[in-house]
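The two complexes that follow have chain A in common; it is paired with chain B in the first and with chain C in the second.
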Partner chain A sequence: MNRFASARARQTITAVGLPLACLALALYSLCAGSTLGIGQAFDALRGTAPHNIYVMVTQWRLPRVATALLLGAGLGASGAIFQSLMRNPLGSPDIMGFNTGAHSAVLIAIVLFGGGPTAIVGAALAGVILSAVVVYLLAWHNGIQPFRLIIIGIAIRALLVSLNTWLVVGASLESALTAGLWSAGSLNGMTWAKIVPVTLPITIALILALALSRRMRLLEMGDDAACALGVPVETSRLLLILTGVILTAAATAAAGPISFIALVAPQISRRLASSQTLALPLAALTGALLLLAADVAAQRLFIPYQLPVGVVTVCIGGIYLIGLLLRESRKK
Partner chain B sequence: MTALTPPSSRLRADNLTLGYQRKIIARDLSIDIPDGELTVIIGPNACGKSTLLRALSRLMRPEQGRVWLDGRAINDYATKEVARRLGLLPQSSNAPGDIRVADLVARGRYPHQRLFSRWCAEDERAVAQAMRDTGVVELADRSVDTLSGGQRQRVWIAMVLAQQTPLLLLDEPTTWLDIAHQIDLLELLRELNRNGGHTLVVVLHDLNHACRYASHLVAMRGGRIVAQGPPAAIVTAQLVEQVFGLRCIIIDDPVSHTPLIVPLGRAQA
Partner chain C sequence: MRHSVGLLLMCLVLLLMMAMSLFIGAKAIPAVRVWQALSGGCGSADCVIVLDARLPRTLSGLLAGLALGLSGALMQTLTRNPLADPGILGVNAGAGFAVVIGITFFGAAAIDSYLWFAFAGALAAALLVALIGALGGGRLNPVRLTLAGVALGAVLDGMASGISLLHPLVYDQLRFWQAGSLDIRSLAAVKVVIWPIVLGTALTLWLTGALNALSMGSELASALGTRVGLTQLAGLTAITLLCGSATALVGPIAFIGLMMPHIARWITGPDQRWIMPWTLVLTPVLLLGSDMIGRVIVPGELRVSVITALVGAPVLIALVRRHPTLGRL
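Let's look at the complex of A and B:
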């Protein structure tokens, strides 16, 4: 009927509009700052611009834009995966404590071992993976029940938050500052050298997520229905969790904990176009657009101050949640 | 007649011990599902009939014993391969929010699809056939959210039929339906059995429906099979009292000439 015809039209518009919006915003952010014309930016990309402009565009601005898009897509997809698995809009890696686990590991690396940048990346990776494993194992009881997984995640997160506070209180001023900067989540000073290592895991995980997305939709109907249709329930769930954790871990290792993109992107994309088949790619695209927009805002809104992008995403998330709560409470 | 089924049944269970955690529900339970029959399992609440169905459909792994499907242990198959041979309507499923009826029915084609494979003409035919059989064609473009309980149940059944499996297991499919839709559904099941050549196993609560539509009736109590066979051959007042603890008289159903159970109240007992 009509409703579905218009829903399909909306799907198409969203599926075309989101990449275009990403592209436009990417171009804007290549040109903004010490302002360039679009022509100059294109010249730089083709390598025909003067050297200083070429370096500024391709070595400073482009890596940052590319990182924002890549990490945003990864976070959006990982949020979509966890929300589908938990059948709960709060089931996202930041609520489940995986980010907090990364923070703890980084604090331990900095405060206790005086680790440098490489150690921080490694610790963040290990922290996400370790906290995910602990949550998964504690939630395991003859299989995984989504609700138990999310409750255990929240409990682990609370524990880790207090551990982090304790670590910071005992730290030297300098290490506390380093850790504090990292924990804000920032894309400042992104270079190609920093992005390349995370590009591969994120790309692989995104492809894996796409390959699993049919099973993911069937799992939403309940374990029994999915199994009856031939989905290996626990294996699929483990693979999906693994994919989501890789996405979160890679993003966190590259830029620090960037909260709320994973939580909010799938919700926004669902409001733009409710699509069963495209839910995952649309959430990834929305995540990419959101993180890029947040980063542009972080750079441009409070000149001469540059905010860490994590601060802006937390604001976006907070405003979104309050808006959601207000709307729900008005409905009643 | 069917009391002794040949050992060649496609689906059978050997000496199952079934339970959840420490609680054993059935011990040493064996059953042969006769090919080409409409088997109905009845029994009081908590007698293990749904648990047996879960074990037969590999939703639940028995603590001991084995379920055999086409001569191989069911757990040795890839779960997708089982889904090409055996369809199951579980007691409860969640419809994912805003989904078109036709899209939900199409999910029944999952076991026949490969990774990234495209929708083919055979899938389309199976879905169309399943929707015709269950009378949900005119609902195709509606959202599942907007359906009544009875319509929704028929859509779920259409999804299972779209799987096109020779074996069909249904756990209390008539729950949520009014009496007219219950009879509609049971007639559909009988038709699938007689004309479609499906082997069906159905858990039902209503004894009279069971007697009327089953070609093979299995009565369970306390995790054991008390009696099995054609309803007319096994259903007696004594059996009903033994299985359900209910005193009754059995008369001939004037329409189908199967046993009709009329319970006795306290005053008559």
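Let's look at the complex of A and C:
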């Protein structure tokens, strides 16, 4: 009884604490840099601040913070969906080759056609969706079986990685470096014009994911059990995959393949609070917090260098997960 | 019985592959001349090609192939995750990170100097991951080991790409190292890794019986009298030796380590005493075959890692589609 109560308390603390932490970090991110007071930031948000501060806060800093939160939530949720579908902690969209598909398409656009920013966004979107469709079609054999889906995902990823290797080795250093920077994922120079197009798909997909999260939990018990409980197995799986792919595609198109959040956010949130019902929203919140924290660190820690956020995400997320694993093992 | 005849046949195929790798190349050299060069009695340009280009290449294909295959099979059994590849232990990332450090801060510029950095990095990363996975209780928890490897690998990868993106010249060298290559121009590099690989292979083959028990779960295995902790420790040591040496020698070529154990398992069934020898023979066949395709069709253009994926991935996809019920640990 006592243990149950403490688990409930932890769940509540996590569910309340994560959004608060996001909010606090977002405020810090708006104020830090050429430093502003919190009051000034609020004035700017209300539109009563001097023009230069208003522009700095609402046109430069706010879009970046909003993107970090939105994309982080999207990636965290898509990771939770895929890991649940595959019943394997390695079943994240990065491992399944969707990001790599985007990377290949962007490399082709940059190296072979010398494409600019717009072409890169289009290529990334096309790359994710195409590779997802190919993986799904190849894995379809009287239905989708998770193990087959993921092995085929890994095989396709290996093919795409080899294509990328070939393109990178053959390219000029300049093109290779452009593609390398893109592939690390970056939120530098985010503007409202870049975010607005991805906001709608991500929001819709997040709502869809929430609506599907009960079915997702039932599917984890195995196809037969889920079927017996009245879940349409293949349809639900297709819908869930679709949702996850939309989230990954939109995030990748907006900021490049920010890897690792999809893999690590569900694992971290599960260790913070082992909640069955809230697994998906908690993973999304963890993803949002992680990406925002990584972005703040990427901007502040290595001045004058501005590192791509993906590089920092990987470090912060990885070190934190290792810390959690160490604590877990000491408890036992 | 069927398996042993098949295995013998595959050994012959491997020998054939090695011979072809010596006799076939971008420059046509008569077979007699190749034989003369190998038996050590001539000094012409052809002999130099055979001894300094084809021989190290063939040997490193053989050694790296069997090391990557075996370490992949071990990794999948120890983590009890069919998706694990040798890279999951953080070995590739550790080697890559150490190479970046070597290039950036110590001015390493040639394969020989990469070798030591890569080896040291691989060993250190594997050791760290094993420590994290084993802390508390002495026994490895498969899920924790997997996650620790992925996490540490990601951190090291991130730091390596952070450093290299800030230094374009380092990035320039790194992109070639990361592509992996069998183009090794001296026997010295091969000599460095041969003993660790032999030791790791012997250790792996010695472990196969215990691994069979372990694949039923650690509780059942210890009930059957297997010393679980010892087996896991020896397995991790073998993976570190094998994968560290292979990565140091040819760069990070990960996919075959994931794929070949699956193919071996599809051929032989779940008995580790057959899976390991089959993996040991099959992986170098694929690696040497791919290398030859890359060498002969587009000389100097296509890296072996590119061809292994081009050849291997469709095979894997076809196998998964044809055997819907197979393919579990």
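Convention: the second predicted complex is superposed on the first by the 312 of 332 C-alpha atoms of A that agree within 3 Å, B and C clash if a C-alpha of one lies under 4 Å from a C-alpha of the other, contacts with A are read in each partner's own complex, and residues count from 1 in each chain.
Simple rule for what comes next: a contact is a pair of C-beta atoms (placed from the backbone, for glycine too) under 8 Å apart; a residue touches a chain by one contact, two chains touch by 3 or more.
From a predicted model like this one, the values you see are computed outputs, not experimental measurements.
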{"item": "Which superposed partner A:109 touches (first chain B, second chain C, both, neither)", "value": "neither"}
{"item": "Contacts of A:220 with chain B and chain C, given as first, second, both or neither", "value": "first"}
{"item": "Touching partner for A:253 - first (chain B), second (chain C), both, neither", "value": "neither"}
{"item": "Contacts of A:142 with chain B and chain C, given as first, second, both or neither", "value": "both"}
{"item": "Which superposed partner A:325 touches (first chain B, second chain C, both, neither)", "value": "second"}
{"item": "Partner chain in contact with A:177 - chain B first, chain C second, else both or neither", "value": "second"}
{"item": "Which of chain B and chain C A:44 touches, first, second, both or neither", "value": "neither"}
{"item": "Which superposed partner A:314 touches (first chain B, second chain C, both, neither)", "value": "second"}
{"item": "Superposition-derived comparison: chain B or chain C, residues of chain A touched", "value": "C"}
{"item": "Set intersection of chain A contacts, chain C complex versus chain B complex", "value": "142"}
{"item": "Footprint of chain A on chain B - complex, ascending", "value": "21, 54, 57-59, 78-84, 87-100, 103, 107-108, 110-111, 113, 115-116, 141-143, 160, 163"}
{"item": "Sites on chain C touched by chain A in the complex", "value": "81-84, 88, 132, 135-137, 141, 143-144, 146-148, 150-155, 157-159, 161-162, 164-166, 168, 171-172, 175-176, 178-180, 255, 258-259, 262, 301-303, 305-310, 312-314, 316-317, 320-321, 324, 327-328"}
{"item": "Chain C contact footprint on chain A (complex, rising order)", "value": "88-91, 95, 138-139, 141-142, 145, 147-148, 150-152, 154-156, 158-159, 161-163, 165-166, 168-170, 173, 176-177, 180-181, 184, 259-260, 263-264, 267, 305, 307-308, 310-315, 317-319, 321-322, 325-326, 328-332"}
{"item": "Of chain A, residues touching chain B in the complex", "value": "1, 3-4, 87, 142, 211, 214, 217-218, 220-222, 224-225, 227-232, 274, 276"}
